[in-house]
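Heads up, the next two complexes both have subunit A, just with different partners, subunit B and then subunit C.
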Partner chain A sequence: MNILQSISIGVQRRFGRQRLRKIFLGSIPFAVIIFAWFMNGYMGWFPPVFIPPIGEVWASFFLLQEDCPGIGAIVALDQRCLMSTHILSSLSRVILAAVIGLPAGIALGIVAGMSRPISKFLEPIGIFANSISGIAWIPLAIVWFGVGWKTTLFILLNTIFWLLFFNSMMCVRTVSRVYEQSVLTMGGSRWAVIRDVFLPGAMPSIITGIRLALGFGWRALIAAEMVGGDSGLGFMIFSSAAEFRMEEVFLGVIIISLIFLATDRYLLAPLEKWTILRWGLIWKPT
Partner chain B sequence: MPAKLVVTDLTHHYPDEYTGESVHALEKINLEVNEGELVTVVGPSGCGKSTLLNILAGLLPYREGNASMDGVKIQGPSSERGVVFQEQAILPWRSVAKNIGHGLELKGVPRGEREKRVSEFIKLVGLVGFEDKFPHELSGGMKQRCAVARTLCADPAVMLMDEPFAAVDAQTRITLQEELNRIAIATKKTILFITHSVDEAAFLGDRCFVFTARPGRLREIVNIDIPREKRIWADMNNDPRFIEARDKIMRLVREEVLVSNA
Partner chain C sequence: MRNNLNRFRAFWRHFPAAGAINLALIILCILLIWELISSTIDNPSRYLPSPILVALSSVDMIYKGLLPSYFGDTLIRLITGSSIGLALGIPFGLIIGINRTSADIFYPVMNFFQSVSGIAIFPIVVIWWGNSDTTVLVVILYTSFFPIAFTVLSGVREVPMQYIHAARTMGATRFQVIRDVLLPGSMPHIATGSRLSIGFAWRAVIAGEMLAGREGLGWMIFTAQDADKTSEVILGMVMIGVSWIVLDHYLLRPLEADTIERWGLVQR
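On to the complex of A and B.
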């Protein structure tokens, strides 16, 4: 056995064959895009104003962060640390909105799904609120809250909350009643039914809801930052485009996608793995 | 022996909000189940057996007639009346051990005590080694055992069982029936057991209630005087008491099925 073979076997042992394969297959489309982008630099299919060279986009990340004095300034969202300030302000808005909006949407959705009076009370306003897409609220929010983080947070919360509310409410009603009855005939309270039946039973929809909410939430946030924000990745994309700094526009788009990819990979996928996949509520394609 | 469950003149109609015609499920049912007794209920499919069970469990509100336990009208579910449902009601998101210990958890029994009782029941229903598996990793028969243990472990005074072994294969069913018989001896619980299998009804019941076609009425009560300790499948086919009871139940059910198909 030569050295290459033993390295390959070692790597497979360490990371798992299946996982390596998944990572490899998943990377192919990205590799194709990056290759084409690279080739564009040499062949000049599209001029740099349309598609800036890959190296410039990479360099702009460091250029934007160039004047940053240190960690303290990064955390303080100092204007000199432009890159990290844009990333952190978008990220912190999403996290804040998720921390408030997800549990509130799930809790109220479950309660509305279970109780006829509460659903009668909340469903019409929910349908009304949902019919207006998140970004349609932007003009109104600017009037109410002005340009800045309040407007972006409002847009985000509005998007995340109603999506989760609806998904949880509908899914609660698909959970087999026999589970509820089983808990009730063992002396369980309403609260026990929520905790032990409806919350886990609605989990497939809740996870889908979180996926949708974060997806729509990010998009709404970017839009809100463009129109009604004064910082964040959306703001950066918009203001850079106005000054034809295309490498920064590209950078912003790429960073958004990477953050989103990471959320899915390191937050949602493990959540899925340890709940609904483990319970056999969904299956894994082979 | 005092009567544990008493049903008097119980009638039930299901309203149908689409057609406006209601379904007449039960008609003037009168029956009693004594303390420590295992009664079986048979009747043509759709005759209202599950309806009766749901009313006794307190899960289905009723207006006409009365159903009571220990002289108290049944008006809602209670941990005194455990149910093994027709559709398997083990929670997919709980492991076998956590499903079985659920009732104790809901009662606030401390963890140590709970684990001890759970492991007893796991042994009783032969699921040793599967404590940490989730329901989707079990076979049909194992799920059914888990469902029975889940209800038993909560220690209800009365067990209401709705065709619990209908969905398992013939071999497993025989084992489960003998196991339930052992459990009945060991725990002396009051059990109402619904089935569509005549053999099962005769094997398990101290008495068997035969229902008519819908609307369900109590057609006849068949006594089966075989001591519990003697109820083993290997001996049953030579036991004249079993054969007599089975044939009688079979004849009654046949007649009712013919009526319901007519």
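On to the complex of A and C.
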């Protein structure tokens, strides 16, 4: 008893009492859901076509990866390694679109936001392009690029670019004119104004915009892969559903949300927090 | 030269219609560029039909009565789905937000289900309910429920404790605290969250109609692409964009601003 107590006190000290409590309480609903799912497979309340047994979902991950020859085939996106090919092709599309779309959106947004007439002119275009969300572009993209990776990349780029462009354009406009004028007065060049005033001033909102854009982009990508793709997680769940392989559909849905959660929580949210701490123009009354 | 330009601009600002004329100029500009592109590429009726063709196809569809009926279907779906979603999400967020323990219990699971986007669960829902209106409704409900529940939750938790303590000290019951302190205090968040979740619901309606094959704007652009009528695809896209702008900028945003002005807890 004494040992148990001291272990429990040690654990609480090491990880923090409140955090342990949160983790414990937060895991209750997951445990209930997983238990109910397990019982469903055991008792057969719903047929496996509607809700597949939890074991089959777990097994299908390895079943899809079964014929894989090795690491080389995984990296080469071989058709025999279905699971890793689907995951990697979705992810690589996101990375490619982020590499192209993020710098382009931010740069053009800042340039457009610097001049008031231009940004006033472009504002309605941005609003309109944002309100036609990524999904509505899918049919036109299929006409233009056919079914395949070009369509999905186009949808993703479209969603990311316009959101980020509009967001950074509007942020640059909120940066106070006084800073810009003071840099110009002290003999700074236009480039100095961009580098030292607009970029840092708009940085917190730009990072928030990146987080938003990648969230929307991920959703749009899944939809685009379903309708107009030939690989990727969205394609996988859609084609598996057409063949009534529900365990693969469930697996795909869980993987999609886990990837989104992991990137959002461990990459984008810390980045946003750090940027706001570092660059944010929050004046704290001490 | 520059001085003249500035003077002209200052003069121009006196007209109330200046903004509208600006907008018309932009639209004209875009239409011209569009026309120019579509006249230079080959096979424009397949890849990028000219604006005149799109306008003609809209006349044709209105004459046949297709466009109004699709538009009405989409709008009815959006209204039913998002109003049920809001009616479920607001009380849920309130109930969870009242108590810290229940917030701790439900927050992670809600976070997980929110990140499962409505589009991703679509194949599952189609197998459960088939290609029916129920499917689209379920997807809309699913997508609109979580954003509103989340914002209401954070709104309730942001109400300053001293208000609750004050009400309790004066002898208010638990129900009175909810009705007179927590609900008005979280009103701005409810307004923001409603706008957010209606926005998500709008995307879900379009995607749902496409994938479930129920008649509406999303279905219209999807089948028009199959039938190789690109002008109808573009018409549908423009309709989707314009109707969302009208809904968002002339209905939801003013509503949100009014709510924040009326109920917001801005302390000076």
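Going forward, the second predicted complex is superposed on the first by the 218 of 286 C-alpha atoms of A that agree within 3 Å, B and C clash if a C-alpha of one lies under 4 Å from a C-alpha of the other, contacts with A are read in each partner's own complex, and residues count from 1 in each chain.
Rule of thumb we're sticking to: a residue touches a chain if its C-beta (ideal position, glycine included) is under 8 Å from a C-beta of that chain, and two chains touch if they have at least 3 such contacts.
Just so it is clear, the structure is predicted and the values come from calculations on it, not from any experiment.
Contacts of A:253 after superposition on the shared chain: subunit C is touched, whereas subunit B is not.
When the two complexes are overlaid on their common chain A, residue A:31 makes contact with neither subunit B nor subunit C.
Of the two partner chains, subunit C is the only one touched by A:241; subunit B is not.
Shared-chain residue A:186: touches subunit B; no touch with subunit C. Judged by the touch definition given at the top, the superposed model places A:278 against subunit B, while subunit C stays out of reach. In the superposed model, A:201 makes contact with subunit B only, not with subunit C.
Touch criterion not met for A:39: it reaches neither subunit B nor subunit C. Judged by the number of subunit A residues each one touches, C leads among subunit B and subunit C.
Of the two partner chains placed by superposition, only subunit B is touched by A:176; subunit C is not.
Partner subunit B is touched in their complex by these residues of subunit A: 176, 178-179, 181-188, 192, 196-197, 200-201, 203, 275, 278-281. Interface residues of subunit B, counted against subunit A in their complex, comprise 57-59, 77-79, 81-83, 85, 87, 89, 91-94, 102-103, 106-107, 134-137, 150-151, 154, 156. Residue ranges on subunit C touching subunit A, taken from their complex, read 22-23, 26, 30, 46-47, 101, 104-109, 111-113, 115-117, 119-124, 126-128, 202-203, 206-207, 210-211, 218, 221-222, 224-225, 230, 233-234, 236-238, 240-242, 244-245, 248-249.
By the touch criterion given at the top, residues 21-22, 25-30, 33, 49-50, 120-121, 124-125, 127-129, 131-133, 135-140, 142-144, 218-219, 222-223, 226-227, 234, 237-238, 240-241, 244, 246, 249-250, 252-254, 256-257, 260-261, 264 of subunit A touch subunit C in their complex.
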